[in-house]
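The data blocks that follow each hold one structure.
You will see two complexes here that share subunit A, one where it goes with subunit B and one where it goes with subunit C.
Moving on to the complex of A and B:
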């Protein structure tokens, strides 16, 4: 079906079920319980999961397949965001033109940067892309936001004002981003006993788009084009010596992944109509690298998992403050309570970076293939048990 | 005992059917809540404290959070009550807000618009916060204010000094107690003229973003009106840490005053560079060279150390003031934490009280009722003298302090001395003043 092999189809189906049932899966704890702190099933975070999933899938097409490590992908995310908000300002709040324009603009931008940076490879390529991204950041932050020519609105971020033209806006339509009248913020809350589940229009739109992106990524991975990209990764020099010009392939991969990033940026604006320059900062570029490596570079679903994990830490762990800890450990005697909290406190709240860093180190050291490798090892261990029950020994082959 | 027969196909079928069934009633219409977003249920009400816990303003954020915790204690009737006793409005009784116990959630803005909005959104969507407050930068304040307007909750701004917060970016659901760039200029300029004379040439170094521009514009306009000349204005990138290359040209420009429109770490570095270059010992055309830092805070003064001595600036509030409100607040803050509060802590504490009071007077948590109660509200006893929340732009009008770095500090907190308390009338301006024009308050939004 869909021109996919059975294993890929199964993967797509799993992702489909996971994304569609996310409001249930991410809200496992009753609303009033102490563990509700760990619930992630609210619209903003679910949107972030799928949007950064798209970003990471796109990044993985470049990094996972060709091995070209771009340190400037946030630039495309930012360009896409700005393009989308400008469509809101000029045309009105319908998200379709904004999202389309963000893909087009970031694609063109990626073409421009790709033509220049892809003349080099390895570390030089990384540094060049980083330089371009920082340049874009500086442009957006101050140069292009001066009062005479205000394209980005600088530090405050580009947003829609009441006196913007919005040519196609009418009073019948919501005063927020919408899809032909369906507000992105519209949320249906469902009470089921002690649980509350939120179904948000913006999330489902992003989720459907992510499924399409995921499908396209599978097709790219399995196509002759994808094979060519893998060849670039394994030995570009040898490829060039055989008379094959690999540049068009890498450029195409760069542009495709730039368009993915732009789409993610456009979606970010579509669910929350404000585009800030810090989306282009090098930390944002680094984040997507972390997501991809954490999940498993070169695998299909790994980057999505990595994106989810990082966003989960950023939004859930950062909100555990001292008083929450006191609630949790209130049952302990006073001295012990304070001691336990002193031990844990540096790792939650504002220390969430620290916890994430530790996890990242552990993953890179013990699971070089990312979370996916962890899953595979667990799966193998389980299967291995069964196999040994049947009298066979599980073979351990090195992974490449 | 019979084992239920579970075929793989059967499980799949039931699973799919259950999924479809559960998904069907999601018409995705707006939630059918009564009246407004996050109407408090049960005996508690949740407030969202959104402060920078990491990044350049983490110090301010930590102090803001301390003030919020103190305010919640006082609202719930714990502690010594602080400014509740000196506040001119007496509807708060120390039993929470409208009898509901105050609870709070915290988040990290990271001083980034995106992170701040994400954190505020999680408070609104997940924790059911009915009011968001905090922040230590204008960009973040404006971003979160916009979000609260869209979501239909009240935003009580923390430390934000840019004219735009209540100027071109003002929103009906947002309120600012802190003063702004225009007020700094209006308060500071007469003192500068009195101390340094009317015939001065000023050189501006300005942080290159919204706040820097509006403050530079305000200061330049106010000083030029008193006869000063503005020789040059150089924009410096926000991420700059070494300002030597910007200081050297000042010496050759003929200017005799350097105005540093910088805040936080930026200001600490630029001031240190300027002092190292010996600017303060220079005599230009028979006049002593002077440095001015229009927006001061005690936390910055501590960072700059020795270099701050004798430098003039303005501030929203200082703990050494002698009115009853300030004394009560400093007393209860000092008892709890062991040191005096900063101006960021003060404005955040006051904002929380003002919100609670507005809810109590309105008799409802509905944002539109709160907006109505706060608009045009006159109050006293919160440390700044008689204060007005102006209805036209949701900006507080009150006295502004002109301060100077103390020559002989008695402790690490006693770094600033108050030179003049500029009366409210002198810093007032029309709502349609050119520096604030272009915005539209819009309608209050109660949300779903």
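Moving on to the complex of A and C:
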């Protein structure tokens, strides 16, 4: 069905069920219980899961298939966000034109950058993309926000003001991003015993788009084009010697992944109409690399998994403060309690980035194939097969 | 004329920081073949060495001076730094005043040790891994180092003033009929960087150790076959590269107050510098560092920014793009580096 093999179809169906039932699955603890802070089933976070899932799927098409490690993908995310908000400002709050434009603009932007950066491979490529992203950040942050030509609104972030034209806006429509009248913030709450489940319009729109993206990614992975990209990763030199120009293929992969990033940026603006330059910073680029690596570069489901995990832990870890820690470790004797808390404290709350960096290092050092590879290893160990098969699984060879 | 020389000085000043970091990056890349994304963090750690030293020197104890009263009428509490107690008030005050130059002595062993530990503890295991993994793991390390510094020193910039004697403004070029006022410390920084670069090149060029390292950069296997433990020498070179970045950071403190993300800001530009100079070329890195610094200074003049708004922010990247499109190996890049 849909031109997919059975295994892929099963994967797609699993992802479909998981995303559709996410408000239930991510809300396992009753609202009043102390564990409720571990719930992730509220709209804001769920939207982030799927949006960054899209971002990571797109990044994986470039990095996982061709091995070109881009360190500047956040630039496309940022460009997409700005494009979407501009559509809100000019046309009105309907999200469709905004999202479409964000894909187009980021695709063009990726084409421009890709033509230049893909002339080099390996480290050069990483550095060049990083430089471009930093340049875009500098442009968005200061240069393009001068009074004469205010494209990005600088530090404040681009947002819709009351005196914006909004040509197609009418009084019937909500004053927030909407899909033909359905507000992105519309949330249906369902009380079920001690649990409260939230079904958010914005989340479901993003989830459907993510499923489409995921489907397209599967098709790309299984297509002759995807095979060509894998060939670039495994041995570009040999491909060149056979007389095949690999540049169009890598460029296409770069543009596609840029469009995915732009779409993710557009959706970020669609659920929250404020676009800031900090989305383009190198930390944001690094984050998507981490998501992909953590899940498993080159695998289909890995990046989505990685994106979900990173965003979940970011949210949970940042919420833990000193008093929460005292609550948890209250059962310990006083001296030990303080000791444990001083030990943990640097890693939680504001120290989330420290934990992120450590996870990053640990994953790259011990599990370069990501969680998927880890899962495969465990599975293989359980089934008692030899570990020598491990070499077959996805690895992250660079393009050189 | 004055204005032009002033901008050149500005450029040399910024350029020397770029050149020093780029030099270290190229040294590491040339010897170990590793792209070190944590090099900016080493620059930052250097700057925080001087912050730490000045905090240590300012450790003080309180005494109550019954002869003086504070504004509430209580006996005045006087803080006396320990160094003033030990060495006498004048010498102690001078030591505190000169804390940034003193930090050079303090930072060299620390940076060598940090570099040594980094190479032996982490980077050693990544020689055989793909470049992408090297980039990623050092990137992670950069985040970790940065966050550790943030945890202990906070997110705000910390002032590290230059010694009083060097914090004024100098008027130079009087004998040539010029009249340029320029902060003394920036001149010191330029001179210091020049010395450091000169020292690094002299070390590589005129010592036996340097000769072996250069031989190892050219052909590692042959050097190993000659029975030389090249890995150990490369580890030491990593420490030296770390120390160069650290010293650049120490001396940069009085120009820009150190904060935890200063390293990353410089790192991106230093990478661009390395690429423009030509990957693996030491003179190229230094040359490109100064050139791009000067270019950035000229782009920051009012005339340039009014003609093309924001040119100062992007000029370096634009130049990098043009250089890469016209001379893909960079200004002084050699054939065969990173082209496999």
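In this section, the second predicted complex is superposed on the first by the 374 of 400 C-alpha atoms of A that agree within 3 Å, B and C clash if a C-alpha of one lies under 4 Å from a C-alpha of the other, contacts with A are read in each partner's own complex, and residues count from 1 in each chain.
Here, contacts are C-beta pairs under 8 Å (C-beta built on N, C-alpha and C of every residue); 3 or more make two chains touch, one makes a residue touch a chain.
Please read all numbers here as calculations on a predicted model, not as lab measurements.
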Touching partner for A:190 - first (subunit B), second (subunit C), both, neither: first
Partner chain in contact with A:353 - subunit B first, subunit C second, else both or neither: both
Partner chain(s) touched by A:289 [first = subunit B, second = subunit C, both, neither]: second
Partner chain(s) touched by A:272 [first = subunit B, second = subunit C, both, neither]: first
Partner chain(s) touched by A:154 [first = subunit B, second = subunit C, both, neither]: first
Which superposed partner A:126 touches (first subunit B, second subunit C, both, neither): second
Touched partner set for A:182, first subunit B, second subunit C, both or neither: first
Which superposed partner A:138 touches (first subunit B, second subunit C, both, neither): both
Subunit B versus subunit C as contact partner of A:361, first or second or both or neither: second
Common interface positions of subunit A, toward subunit B and toward subunit C: 138, 142, 353
Touching residues (chain side subunit A, partner subunit B) in the complex: 17, 20-21, 24, 39, 42-45, 48, 138, 141-142, 145, 147, 154-157, 159, 161-163, 176, 182-183, 185-190, 198-201, 204, 272, 274, 276, 278-279, 314-315, 318-319, 321, 323, 349-350, 353
Residues on subunit C engaged by subunit A in the complex (per definition of touch): 35, 122, 125, 129-133, 135-137, 139-144, 146-148, 151, 264, 268, 271-272, 274-275, 279, 309-310, 313-314, 317, 320-321, 324-325, 328, 338, 340
Subunit C contact footprint on subunit A (complex, rising order): 67, 69, 71, 116, 119-120, 122-124, 126-128, 130-132, 134-135, 138-139, 142-144, 146, 148-149, 237, 282-283, 286, 289, 293, 346, 351, 353-354, 356-358, 360-361, 364-365, 368, 396-398, 400
Subunit A contact footprint on subunit B (complex, rising order): 19, 22-23, 25-31, 53-54, 58, 69, 104-108, 112-115, 117-119, 121-122, 125-126, 137-139, 142-143, 146-147, 150-151, 164, 168-169, 208-211, 213, 235, 237-238, 438-440, 442
